[in-house]
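Common to both upcoming complexes is chain A, partnered first by chain B, then by chain C.
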Partner chain A sequence: MPVQNHDYQISSGIRPLQNRYGAIRAYLKVFTLSLKESLYYPDKLFASVFIVAFRIIMMLLIYSYAFRYIGRTVNGIDATTAIWSIAIYHLLLYAQFRAVFKTINDEMKSGALETQINKPYSYLFYKFWEQLGKGILNFFVALAVVIPLLLALLGSAPGVFSLSNLFAGIVLAVGGTIVSAALYMLIALPALWIDDAQPLYWISDKAVLILGGSYVPLAMLPHAFHTFANFTPFGAPMFATQMFNPNFSTSWWYLVLLQMFWIIVLGGLILFFFEKVRRRLAINGG
Partner chain B sequence: MKFNKKQFYIWCRTVVTEVRIGLIYIQKNISSAAELRVSFAMQIIGMMMNNIAFVMVWWLFFKAFGTINGWNIAEAIALQGFVALSFGIVFSFFSGVDEFPKVIHSGALDSVLLTPRVLYARIFTLTTRVSALGDIFFGATLLGIYWILFHHTLSQMIMLGLLVIPASVIMMNFLLVVSCIGFYIPDAVEISKFMFETMFGPSLYPAGLFQGFMRFFFIFVLPTLAIGGIPVEAVRDWNIIKIVAVWLIAVVWAVIGVWMLHRGVKRYESGSLTGVHI
Partner chain C sequence: MENAIEVQDLTKNFSFPVKDSDRGFFGNFFRPTIRSITAVDNISFSIKPGESVAFIGPNGAGKSTTIKMLTGILWPTSGKVRVLGCNPQHDRRRLALKIGTVFGQRSQLLFNLPISDSLDLFAKVYEIPDREYRKQRDALVTLFDIGEILDQPVRKLSLGQRMRAEIAVSLIHKPPIVFLDEPTIGLDIVAKRRLRENLKAINIHLKTTIFLTSHDAGDIESVCARTLIVNHGRVIFDDATSGLKKKYLNQKVVRVVFEGKDKLSVMHADGIDILKNGKGEATLVVDTKLVGIDEALKNILGNKGIEDITIEDPPLEEIIGKIYESH
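Then we have the complex of A and B:
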């Protein structure tokens, strides 16, 4: 195979190898390597699955008790629906991209970015596939543990559950994962200006926590929170948690459109700010 | 046992010296972190804003469910403030224990063992976490709001403030105990972290939701309620038994912490890691 004349200029966010198939193969390799790496640390896998199972059991006990205590539903949501919704939130956290923030933030702070940004691949795509490989195994193992656990403890899925809702939920989960990747990458980029973007992460992460329904499902929150969840990027990563809501079968396509909107907006912002990062970065060598 | 005046004097002098040196370490750690001023200020403010989310979560919860077993938004505010204050104190000034499993695993404990200080005290003051100062400010502010809005007496607030001491002691020693797993299992950073999270996470949940076996488990097996829910209930109801119980639990965990540390150190094998540790 002849040696290709790769474009070795410092890569902007979305300027991968000239050979597209080669780029896809390279990213898939990164994904596979990260996946294999996560297999080498079974104790970490066990710990993370234990934590998610523990949290969900805690929520199950709390919500079962609270609903029994008040003896009624809240905004049409019963204990089973609330618990399933919260469980989906905690499961999705594993597939999503919170950890990519730390990687990029740390590389910006330590200066390790300079050794990666001049490689013939897109830095951001590399981080995307690397993180996906790290998280996907945890997600599926947690899924395999939590779903049977919930079915055993609660007896069934919520009443509104159907296969079409499940399909829509999967579409929203995939869309939400891409939104979360864009969101957490975007908030890591200011680290070049403010030394450490950790505070931005805390604020964004907690906005996702509230609007995603980690402790209190979105359907149980006042209407203002629904508006805020839809019209800011913080609700979109966790739209899939709404798959057990009574009106989900009529509203899911609207949520998909909102996710697409946020992917385009956040993607554009990433390109803009990454270009600024590239210009500002001082490579000292050494 | 005969009271030995000289030994007691030496013991007192050692305690005073350790406290003085501990304060110097803490001051050094904070000064070092404050070098990057923008980052330092943003971390503190960011952490305060981060914590507001938890108050909001429980406000929304109680808005949906109303009062549960005497717990409402007032108690939730006190709980968040109390836990944030205790957590802030532990992780601002004594966060070395959080790094302890990493220190054991990397072999860096050698340099700590060689310092002419009491090991127990030195481990706690190894590092400082700047963002935890935000927890202190946030906790104090929230407890002030709790006092003003819900008309508690000054003596109740002083008692709540005093209970921060045993709550912090419990948290520090629990963290030390789970960190000591590093002496038995290689690279126990993740395991000790998840054990601490298992204990600490539910401490932010209103204690009124823990009844029966769960209440017993989260007081006597994991000290979760002792670092938040029980102190808040004790001060709200002026329940002396609960106040004494929190102090006793702190003493028990301190004893377990010291015992685990001394057992663990006997198993430690030097990594022969050379370097300077200031």
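Then we have the complex of A and C:
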């Protein structure tokens, strides 16, 4: 279109709404667009679901054999409970926030965050909603595949399972997702001071892997691990995996309180360090 | 009228640790040697609303650092900055609602999604009422001619198409000022010309203040009425772009065409430098500080069989290069 025609009518100075719901609408848009983006790669989605299902089937075979061999429960946990607990860990892993570390770490190192830090939103909230949008579809697709698979292979959920346990498990899963976001965002921020925050990621991720019960449910580990899981932020992202434990119906509220504690502490630390990051930012070519 | 941009004694130092081989691992880890460089050194300038300003300089001169301080990305070490009455660092969100930014080497678009989704997102981010958004989007789509590519994922666009989309997105909230950091980098001649026309149009018709950094003299000549040149973190020139030639131009390029295959015969005089001479054509550079253009022409017109003479200014690029070298 030749510009000389001026067949456009744009004027300067829209007055933004700036009402209290404006930010919420913006973040919901970030969420829906991320969700839409994840639909663009169905092959990736189905490959990752296949991997989850494969891992769970492997664990099922190993635990069935091991429990048949020892012939008793371990700390009140039988093979069925162990496998359900491990399955919940791997399902949650999909909705959670490990990937947000890589995004923030890369954007800080490359300076790409300059296109977002000068926008009228919080960079950290943007990343939260973006990652949630990316992860949630994976989670529900994996859920739709894994739960029927487990019911078909194991017959039923563990005996202690109840609707109230399910409700508490969902509350802990949501809380765990927020703790996970806070944890992985926090360990990405030092990328500004140290050349690469990757070692911090490895340490934290392996701690979550062990204390969250990725391959061995927490209930089967020595008591010291329980203490460590509760009083560090590494166990909190995966408290929902404990919903099949024998004493869960009496202890879940305690786990919710611990998650709330970690959300407040980690959230405060992120806001504090992010302000430091903003002030010290040095961007390539700048 | 209040200035759109007000910069006073602005300085930015970057500090970073350097490895000292004598200190060993722990020495370097716990007490590293810190080196500091001054990227922007005490600069001051102001820009009125509606101006189009080129902020140029060689690599490492401090242009991008300045633009990033003006847009609230970087914090200054010292000095004062006001953009549209806001302190970019303390009023970050308030300022962000009023400005548009384009960084030529980075994208603010959603890479895997169509341009229309980026426009929708920015409409929500800038809290634009739906009706106004639709009107503005349609106008920008027409102006930047992106109607046909609106539904294409950003990753499938050419660089020229992407840059037009980047600028369109940055204008969705009708900012009174737009900052562009090398917007034509990597574009071909046609795409550059088109983008320059668009920028000129928004400056003239919308009175949008344009603050542009570029290494391309064409961007500066076509879009910007005023030029600020920085080097080593300091402002070394601040005047009308047309004044840039007047002030620094002391050379004229003279091209002479002969009938047949004659050669130019000229008395070698101080201030006349023959660059090319032969086969019916000659090119000379006249240093007007040493010899007047009338005297040089008299000298040339002494030749027989001259068919044509053209006198040109050297390209702006060359003038800018000389300014960089002399500072």
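The working rule: the second predicted complex is superposed on the first by the 263 of 286 C-alpha atoms of A that agree within 3 Å, B and C clash if a C-alpha of one lies under 4 Å from a C-alpha of the other, contacts with A are read in each partner's own complex, and residues count from 1 in each chain.
The rule we apply is simple: a contact is a pair of C-beta atoms (placed from the backbone, for glycine too) under 8 Å apart; a residue touches a chain by one contact, two chains touch by 3 or more.
From a predicted model like this one, the values you see are computed outputs, not experimental measurements.
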Partner chain in contact with A:Glu37 - chain B first, chain C second, else both or neither: second
Partner chain in contact with A:His226 - chain B first, chain C second, else both or neither: neither
Touching partner for A:Lys29 - first (chain B), second (chain C), both, neither: second
Partner chain(s) touched by A:Lys102 [first = chain B, second = chain C, both, neither]: neither
Which superposed partner A:Lys206 touches (first chain B, second chain C, both, neither): first
Chain C-contacting residues of chain A that also contact chain B: none
Chain C contact footprint on chain A (complex, rising order): 1, 3, 6-14, 16-19, 22, 25-26, 28-30, 33, 36-37, 40, 111-112, 114-121, 278-283, 285-286
In the complex with chain B, residue positions of chain A that touch it: 41, 43-44, 47-48, 50-51, 54-55, 58, 61-62, 65-66, 69-70, 74-75, 194-196, 198-200, 202-203, 205-207, 209-210, 214-216, 220-222, 225
List of chain C residues in touch with chain A within their complex: 14, 16, 39, 64-65, 68, 71-75, 92-93, 96-97, 99, 101, 103, 105-108, 110, 112-113, 117, 120-121, 124-129, 132, 135-136, 139-140, 142-143, 145, 153, 171, 173-176, 197-198, 200-202, 205-208
Contacting residues of chain B [partner chain A, same complex]: 36, 38-39, 42-43, 45-47, 49-50, 52-54, 56-58, 60-61, 63-66, 68-69, 131, 187, 190-191, 193-194, 197-198, 201-202, 205, 209, 211, 214
